[in-house]
Structure formats: structure tokens, C-alpha cells
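The structures come next, written out as C-alpha cells.
First chain A sits with chain B, and in the next complex the same chain sits with chain C.
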Partner chain A sequence: MFTTRVAYLFLLPALLLYGAFVLVPVGQVVAFSFFAWDNGVATGFAGLDNFVRLAGDDVFWAALGHNVIWVVLTLVFPLTAGLVLAAILAERSARTIRWLGAIYFIPRTIPLVVAGIIWGWIYNPIFGLLNYALEAVGLGGLAGAWLADQDSALISLNVVGAWTFFGFCVVIYLAAIQSIDPSLYEAADIDGAKWRHKFRHITVPLLRGTTLFLGLYASIEAMRFFDLVWVTTQGGPGYATEVLTTHVYKTFFLVGDFGYAAALSVVLLAIVLTISALAFSLLRAR
Partner chain B sequence: MNRRPRIVQSAILAVFAVYALAPIYLVVLASMRSEADLFSGPLALPWPLDPTNFLRVWIEGGFSGFFVNSLIISSSVTVIILLTAPLAGFAFAKIRFAWREPLFALFLAGMVVPAPSVIVALYGNLQAFGLIDRQIGVILPQAAILMPFSVFMMRTVMQDIPDELIEASVMDGANPFLSFLAVAVPIARPGLMSLALIVFLFSWQEYLLPLVVLQTDALKPLTVGAANLQGRYGIDYGGIAAAGLIAFAPLVVLFLFMQRSFVRGLSAGAVK
Partner chain C sequence: MRHRLSIAAAIATAVAAGGAAHAETVITQWDQFAQSGITAAGPAMDELIATCKPALGGATVLRTIAPSIGIRESYRLAVSAGKTPDLAYTWPAASVLAGYARIGALAPLDAYYAQYGWPQVNEFYKGRNSYGGEIFAVPMEQDLMGVYYNRDLFNEKGLAVPTTYEEFLALAETLKDEGIVPVSFGNRDRWPATNTFSLILGLTAGLEAEQDVFFGDTPWTNPAFRAAAENFQDWAERGLFPRGFNGIGYDEANALFLSGRAAMTITGTWVLQDMIRGAEFDLGVFMLPPMADGVPSGTMWGEGSQWQLSATASDDVKDAAAAYLDCLLSDASREVWVTKGHTVTIGTTPEELSAWGADPVVQEFFGAGLATAGTNFYDLHTTLPESVTQVLYPELQRLVGGDATADEFLEAMQAAWQAAIDNGERWIP
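Right, the complex of A and B next:
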């Protein structure tokens, strides 16, 4: 119908923009990582030196560990919650679905920076609402410093991340459940199947593709999130909430070590691209 | 279904509704509480309702400016995306050409690229081109970062357009661009609406790019303004709450009014 020339003309504006501000910089970052830098000036070819440094960088390993914990926590909590809530909600009236779907989704519309500010205030050890509420119900012994405590900082932050994400999972799962053939559930009802049986043997298996998609989405976000940490703890206390992106940011903007920041970025890129390639081939194989 | 599980299930639905709404409710309360009322506890209804917090951050805190900047940046990003992504999506969906699959894969890969990795090189490039501390230096990279998702979504939308309609318009002698405008765009309008909303939302939420690119306060968007406020007046909770509300209320309202469009866009590609 149309010629190749037309196709390229149509692609050109998008490709130019994407190329200039994403593809070229990514290529540069890869190149940067093979050089030694001093004050923003490349001083010589460094081979794999920047990558060798990774092995002995405790902050890098701590950050990577925190990202992995974040992936696992996200897969366990908001994804599961989203699936169960969607399965329950799907049997309710259209009005309930619309209202609760909207309510669950609202936190997703709030910028992560603002979510971080709001929750930072809820977690405040002195004025914060969480400790206030715990005292009020007689559980004052559980009150803590939350984000300021090494042991609870990462998990407290994850509750904020989950807050912004579970509603997204509900909405996506709901759309998928509504496309399941209702006669499957009707047949199960006739056989007298209980809710949890239908959930386990119809809903969960038929939503495997959606789960895979959300799992991929959640894992990528968990590897590359930045705003939430930066606006609350900046990686602290100590390195308790350091993640790869904050390590890159600090290495680049605060330390000014371009080569090492680039090497960290390349590792981060390699991780997210590997995860997506894996998930993509799984999705294809279905 | 018998009654007991249904009650348990309703309780689960309710608990998560509280989880979703409680923080927002608290912010609304805190934003309207006067200083004199500060000690009646965070859950007490604020009375009398006090607009001072809003007036203070809006006028003295510079949030009227941040608000306008967010509007300028997000609208520009949305317009740029609407001018470029539908064309590219159309090409990927409806035209057969050499390199189609590899080029599409190149766009797909961009969907997962972490912004902080790009910034390590992007920052120097923006500096070299004199785009640091200018809003265009935020707008162009932001549109570029949102491009892969937008092109992917537009390809899905354009695939649903019947080939016969396009063929008919080509037979009538329309040039390719005209038949794109006259046939594809009207059919894709709901998809374009979803795309516009989502791009606007993502752009409004963006923090890292404006944080590193913009240094002059008069150019900064709401996300950066709110984060700075938190650092500067760490204990002005009324002000911070009001600032937070100004930063997210437009998005919540937009979402509630356009829920269907939003959901269609976000689930594009996820359900198939």
C-alpha cells in the first residue's frame, strides 16, 4: 500500500527524538565506562578497570541486594493483593467495580515524590501519624523511627511503593478477568465449587500471561526506581536504602566519577534488558 | 455463594480502600488545619477550615509558578508525543518495510531503560547544547524517554484500523499523510486521548530530569518545588500538606473524570 520511503518518513520524527536523547546517550554511557575520568575529562582508556572496581564496592553490592529485595517484596505483596482484590471485585456490581477500582488506583496518580513526602511525614518518629495511631490503640511499644532506623527503613519504604502500585495491579487483573469466558465459572458453580477452588483452578491459571506482564513491569520498576528513595532517605540511614540508581546519581553528581557512574549504569542497563528479554521469550513461548 | 466468605471478602475490599485513601485524607486534613488547631491531634477534623497554608505556599512559596511550569512542561511533552508517536505507530502497524522488526525492537528496548543511566551522558550533552537550566532541556528528553511506550501503544491502536479503509483512501488518490490524517486519526481518537492523558500524567510526575536540568526556581515544576519545600521548612506540615495537595490534586481530578480513557491506555498490550 505504502512505500518504504513513506514508512521511514513517518518514523523519522519519533526516531530522531528517541535517538538524540536516549539511544545516543546510552551508547555514550557504554563508551564512558571504558575510560578513566578526571573532573569530567577522559584521561585515558581504562579497559575493564571500572568494572573490576565493582567487585570490591560494598555499596554496589548492598544496593543491588536492596533492589533484589524490592523486586521480591513487590512480587509478593502488591501483585498478590491486586490479584485477590480483582478476583473478589469481579463478582460485584458494575458500580462497586468502578468505584473501588478508582479508589485503589488513585495513589498511582500521585507523583512518587509527593507520595514520599506524605509517607515520610506519616513515618515521622515524633509528629508522625503511625506512631500516634499505635500509641492510641495501646501498641506504643511497636512505635519506631521507621525510615530513620536501619532495620525498618527499606521495608517501610516498600510499603509506600506498594501503596502506589497495588491499584495498578487490580485494574490490569480486572480487565483480564473480565475477558475470561464466564461459562467456565458457571460450570464450576454447577459442580458446587467453592470460591477458593475457582480462584485457584480457573482465575490464577488463566491469568498467567497477565501475571507475567505485571511481574516484568514490577521487576523493571524495582530495578530502576529513584524518586521515592531520593526524596525520603537518599539511600540512608548509612546505606540501608541505597539502590543502584541512587548509587549512580551520587557517583555521578556528588563524586564526579564519570567512568564508574557509567559502569554502574551499564550494569543496571544489562540487568533490566536481561530481565525483559527473559520475560519476553516466556511471553512469546505461550 | 454462602454469606460468610462474602463478608470476609468485603472486609478485605474495605481494608485496602482505607490503605489507599487514608494518607490522602490525612493530607487534606493537615492542609486545612490552622496553627492554633495543631494540637487537637492529626485525626480531628480541622475547624475552623483555614486556607492560610494554601495561600502561603501558593503566593510566598512560589507554587503558583511551579504549577504553571508543570503545566507548560507536561503540555509541551504531550503535544510533542501526539505529533510524533501516532505516525510511528501507524508505520509499524500498517506499512511493510525492511528493518521493521529490528527498529520496533529498538523502540521496545527503550521502554525499560532507567533514566538515571541515560542522564550520566545526557547531562553533558545538554550542557554542550546550552539546554541546561531551560525548560526545553527537560521537555525534549522527557518526550524521548516516553517515546517507546507511546509508539508501542500507538502501534496496538493502529493495528485495529481496517486495512480496507486505508486502501480505499489511497485508491481515491490521497497521499499517505492525508490518508493517515483522514482515516487513521479519526478512528484512533479514543486511543490518542488515552495516550495524551497518560503522557501528561507521567510527565507531571517526573522528578529526576527537572531536578538535575533546572537550577532557577522560576523554571521548576511542582515535583521539584514540593521536594525542596520539604527540605527547607522541615516542620511546616501544614505548608507541606498544602503543597503536596496542589501537586497531585489536578492528576486525581483528571483521572476521576477520565477513568475509562486512563485504564484503556494503561492496559494496552497488557491484556492481550
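Right, the complex of A and C next:
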């Protein structure tokens, strides 16, 4: 029989690794945030100065705003597309579900760095596929400098994010739909319900938990994504695609102001932890 | 007991072996000399390490190639982790180098300058590599900005190299009318516009106006700097650059020029190797004419990168590294840098370039750039602290992209500049 002590012994290796590679670095970052730094060297205790500085940092607020926009767009498009596609797909044959599910999921398996490079080429103003395709079908007037224009850069990047995420939503929703009792749909069929009625009154309500999970997961991911922005725009043009993680990266690695970068990271961590706590409480409340 | 003794003996042997290994002096070297791309002088570097082996006095060089774009971040991390490489060839100098000297990460080299002389490093270059009255680096390359152009295309269209700014603008209009991109320019990587603007700033405001701001009390929001910002924005508005230039990479812009779809590109000598290798047309170079009345001809110049020694390196390593640097800067080595690395070291004269049979484009570029040595001006990359550079990058994207006015750009720069001064980050030679 396993005792509680034995159970903890089994947990110990994982806890040690977690402590060494998560808790200690997090603690270091929090400690960094209370000091002034010069080129990677601590020069003195700064108290809360680094946190006070956040209030007047326009780039921080712009970046936070972009993260929030990203969260909203991610909740609206990939989740909606994933839900509708999964609902349609669920009524097809097992073979179709298997094949199309795999195809939709492929973008999710592509690292964001690679996706960024591929879409960077697609959006490229001089040899990009998108402009070429628009011109080929007579819509050359719509061709643009997608990632170079302040007005379109963030939306264009979000399309890439949605492309990599919607397949994940399809697969999760599909699994959830397949777990819904078929008799509910059969009863609706007998009552003469149309597809849209079944979708609205059976599928959507019963997927509330899944939607909640995907929404919170997407929100957390949207707050901490970095690679896609860095390989495509580095936060530009100007500050148009600046997000918290790119602001942290530049402040830390390029400016060498470890203290302020740490303060930014602490704020980011607090936001992500708050969303996570909200997620846990909402999911447990169900 | 016997077993314990054998373990002790084994440990002693291992310690002795370790001690022997420590007896060998190893210089860890980080440099940017890759096989292709920016600063593609890798083969020349390899050859010179072998050539300079006798100068090392038994020491060996353990070389790591760090891409020139990323070496700034890599080096900063190494310094903060206490793992500063013994010898590094990195950039930028001046304000950024001073930052490392300020925190004691670099070894002062005054004694080695006294020992070896290095007369080619004149007072200008010494100043750019000094902090607090001590010299902390040995600059090697000369970097210049100029206009690479497609001579075949110019000849085909009957175009002449412009000698005035008005002629340059007229040339651009003619090229546009012909459906050719006048100036290939890509600023997705954020840094290229800094070089372009450095050139425009110097040719519009002049060296003295720059010094008044960088080393004096004149703010960025002065009329000469405003005129420079307006000129840069004007270029974009006139359509001198390809569509979506803020979304085009530096390498892609160079490729656009090398493909023959753009007539000119304005960049520095750090891509000479790639330009010479990649151009399937007659490649030419000229210097951009002054852009304001009373401003003399000149170009943006600097040392590009510099050799610097870690303060934590042992004396043996420092001595060996200094002797090695002396070899790298010798006349024989300079010839290798020029002929095989297409990298022109400081102190190299146009006559030497000719005598060594340097590529005609190299001779053309440096002949023109060195002719205006007295009026050449500053590279913003090396003159501004990193905190200001990181504001300059996005603000230039906004300026040239038409999302900020010249005044808004200059006000943002002045705010960042004043913050850096208040923080003690300003470098003054």
C-alpha cells in the first residue's frame, strides 16, 4: 500500500525540477525587478521604481492593448470557426472526420517561428503570394503591404495566429460533440428541428465547458505569445504589433535594463496567473 | 585500503591532467566573420588565425562565430552571466562600448597601445573606443555608407551619376517613370533605416550640427535635424523606395537590387562581399551628394566593429590576445583582410588598395569615402546608447512610413535622449 509519504517521494523529482526551473527563476525575476541595472549588472536597490515607471510607459500600454485585442480576436474567430466546422464535420462519416480533422490540425503542428516565416513570405510586399493571388484574380487594388502598414499589421498577424489555432479548436470541439448523447439530436430530428436549431439549442449549450476551456486557454496563450511577432515584425512598424513579450525582450536583451524588464515580466506573470486562476475557478464551478 | 589508494591515485592523475590543460593558454574569441551575408570575411579570419599562430606564443584561439545582428544580445548576456569571452569582435563602439567599460567588463588597453603602437588607430578612432580616459578596444574595419548602383542599367537608360541632391531627385523621378524602383530599401529588421537616416542627417545637418546635439546641449528638435527628418520622409513620399519597405527585410532589399529590379541601394561597406559576389551586372558605387546648402561632401563612417578584451581574462590570455591582435593588424594581414575578406582595415590607403589589387568596387568605395575624411559624420548606431537606439528604430519606421511627422519623431527622440543623459548613458569622446 502506498502511504502519503511514499506518494510525496514519487512526486519529489518532479517537484525538484519544477522548483529549480520554474520557481527559482520566477523568484529571481521578481528580485531583479526591485533593483536598478546597468548593462546586466545590478547597481543598487530601486524599491518600486521600476513598477512606478510602468505608469508612464506608453509602449507598455500600447503593448498591453495589443495583447487584449489579440485575446478578443482569438476568441471571436478561431473559436467560432472551430465550433462551426466541428459541428459540420461531426455529421460526416468516420473516415471524413479522421481525414479532415487531421488536415485542420496540421497548422497546429507547425512551430510558430516557421509559421511566421511562411506567412512573412505570403505577406511580403515585393514577392508575396497574397498580393500575387489578388492581382491574378483582378483584385490588385486590394494588394497591400500587410505587415508594413500600421493599420493592417496586427490584424494580418492575428490571421496567422488564428490559422495555427483553429484546427486545435476543431479537434477539441469535435471530441466534445461526439460525447453528446445522440438521442438528443434524434429527438430534435423527430420534432423537425433544422440543423441550425440543433446547433443553437443543443450543440452550443452543451459545449459551454469546452468553450470556456478553449477561451481561457486562448487568452493565456494570447498574453504570452512572442515568436510569431518577433520573426515577422519585431513589434513594428513603429509600435503597431508591439506586445508585452516583445517589449520585455527588447528591454532585457537589447537595452540591458534587467530591472525594468523584470518588472514588465512580473506584471505579465500576474496577468497570466489571474487568468489561470479565473479558469480554474470557473471550470471547477461547473 | 588498496582500493582507496587506487581511487586517490586516479583522482590525483585527473587533477594533474586538468592542471596541464590549464597550463595551456586558450583565448576564447567571438567574432562575426561568417561565410556569407553581412561581414562575410570568415575565410579570411580562418586564414589569419593560422597565419598568426606564431604570434600567439603557444596559446590557441578557440573561435565562435556569432552572427553580427545577434552578437549584441549574445555579448550582453555573456557579460551579465560573468562569461565574457576573452576576445570579442563586436559592435557597436562608442556609447555601447562605453557602457561595458562603465561596469568594468572590459580590460583597458592603454598599455598594449603603448607596447604595439597601432598608429593607424588615430585620435578620432581612439576617442570612439575610450571611456573615462582609457582605451578599451582596438577598432579594425572602416565602415562607410554609400550608394551601390547598377551601372549597366544606368548606361542602358542613359543616366549619369548625380553630383547634386537635385540631380539625385531628378534621377529617381526618371527611374520611377521607367518603372524601376529607384532605391531598394527594406526596414523590416528595423536597423537599416538608422544607417540611411545617419547618412541623410549628416548630409543635411552636417558634422558640426551633429556634434552640437550629440556632445553639446542642442536638442534634437532643432531646424537642421528637422530638415533631415523631412528629407527622409520626403524620399518615402516621393516613392523612391519599394512599396511596403517597412515589411521588406534587409537581405530582401539587397536581393531586389541584385536582381536588377532596383537601380540603387544605399547601404554600407559591410555588404561589399555579398554585393561583389551577387551582382551579375557592372556594380558601381557613388557617394550621395550634400542635401543642404553649405554642408560639405562626406559620408557616414565608423569603425564598424572593434576588438575588445574581457576584464576577467588572465594576464597570460590578455598578453597573448594583444600579440595576436598586433598580428591581425599587421600590413601582411591587412592585405588578407582586403583581398580575401573585402574588409578594409583602418589605416589602409587608396594606394595600398590599388597595389594589392583590391576589387575595383572596393577601391571605388573607399577612394570616395576616404577623400572626405575631414567632413565624414557619425553613425547613430554607435553614437546613441542602446536605450535611445531602441526608440529610434520604431520612431524611424513611423517617420518614414508616414505615421509620424518630423516634429513628432524629433520630440520622441529628444525625450529618449534626455532620459539617457539623465541616466548617465551618454558617450562623449
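The working rule: the second predicted complex is superposed on the first by the 286 of 286 C-alpha atoms of A that agree within 3 Å, B and C clash if a C-alpha of one lies under 4 Å from a C-alpha of the other, contacts with A are read in each partner's own complex, and residues count from 1 in each chain.
Please note the rule applied: a residue touches a chain if its C-beta (ideal position, glycine included) is under 8 Å from a C-beta of that chain, and two chains touch if they have at least 3 such contacts.
Everything numeric here is computed off the predicted structure, so don't read it as measured data.
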First, second, both or neither for A:A14, with chain B first and chain C second: first
First (chain B), second (chain C), both or neither touched by A:Y123: second
Which partner reaches more residues of chain A (counting touched residues only), chain B or chain C: B
First, second, both or neither for A:F258, with chain B first and chain C second: both
Touched partner set for A:N50, first chain B, second chain C, both or neither: neither
A:N67 touches, of chain B and chain C: first, second, both or neither? neither
Touching partner for A:T241 - first (chain B), second (chain C), both, neither: neither
Which of chain B and chain C A:V29 touches, first, second, both or neither: first
Touched partner set for A:V113, first chain B, second chain C, both or neither: first
Partner chain in contact with A:S276 - chain B first, chain C second, else both or neither: first
Intersection of the chain A residues that touch chain B with those that touch chain C: 40, 127, 253, 258
Chain A-touching residues of chain B, taken from the complex the two chains share: 1, 5, 9, 12-13, 16-17, 19-21, 23-24, 26-27, 41-43, 80, 83-85, 87-88, 90-92, 94-95, 97-98, 100, 103, 106-107, 109-125, 140-141, 143-145, 147-148, 151, 163, 166-167, 170, 176, 180, 201, 204-208, 212, 222-223, 226-227, 230, 235, 237, 240-241, 244, 247-248, 251-252, 254-256, 259, 262-263, 266-267, 269-271
Chain A residues touching chain B - in the complex, by the definition given at the top: 1-2, 4, 6-8, 10-11, 13-15, 17-18, 20-26, 28-29, 32, 40, 81, 84-85, 88-89, 91, 98, 100-107, 109-115, 117-122, 127, 129, 132, 163, 166-168, 171-172, 175-176, 179, 194-195, 210, 213-214, 220, 223-224, 226-227, 230-231, 244-245, 248-249, 252-253, 258, 261-262, 265-266, 268-269, 272-273, 275-276
Residue ranges of chain A touching chain C (in the complex, touch as defined): 38-41, 123-127, 144-150, 233-239, 242, 250-251, 253-258
Complex interface listing, chain C residues touching chain A: 72-73, 76-77, 79-81, 99-100, 102-103, 105, 188-190, 242-248, 252, 256, 386-387, 389-390, 393-395, 397-398, 401, 403-404
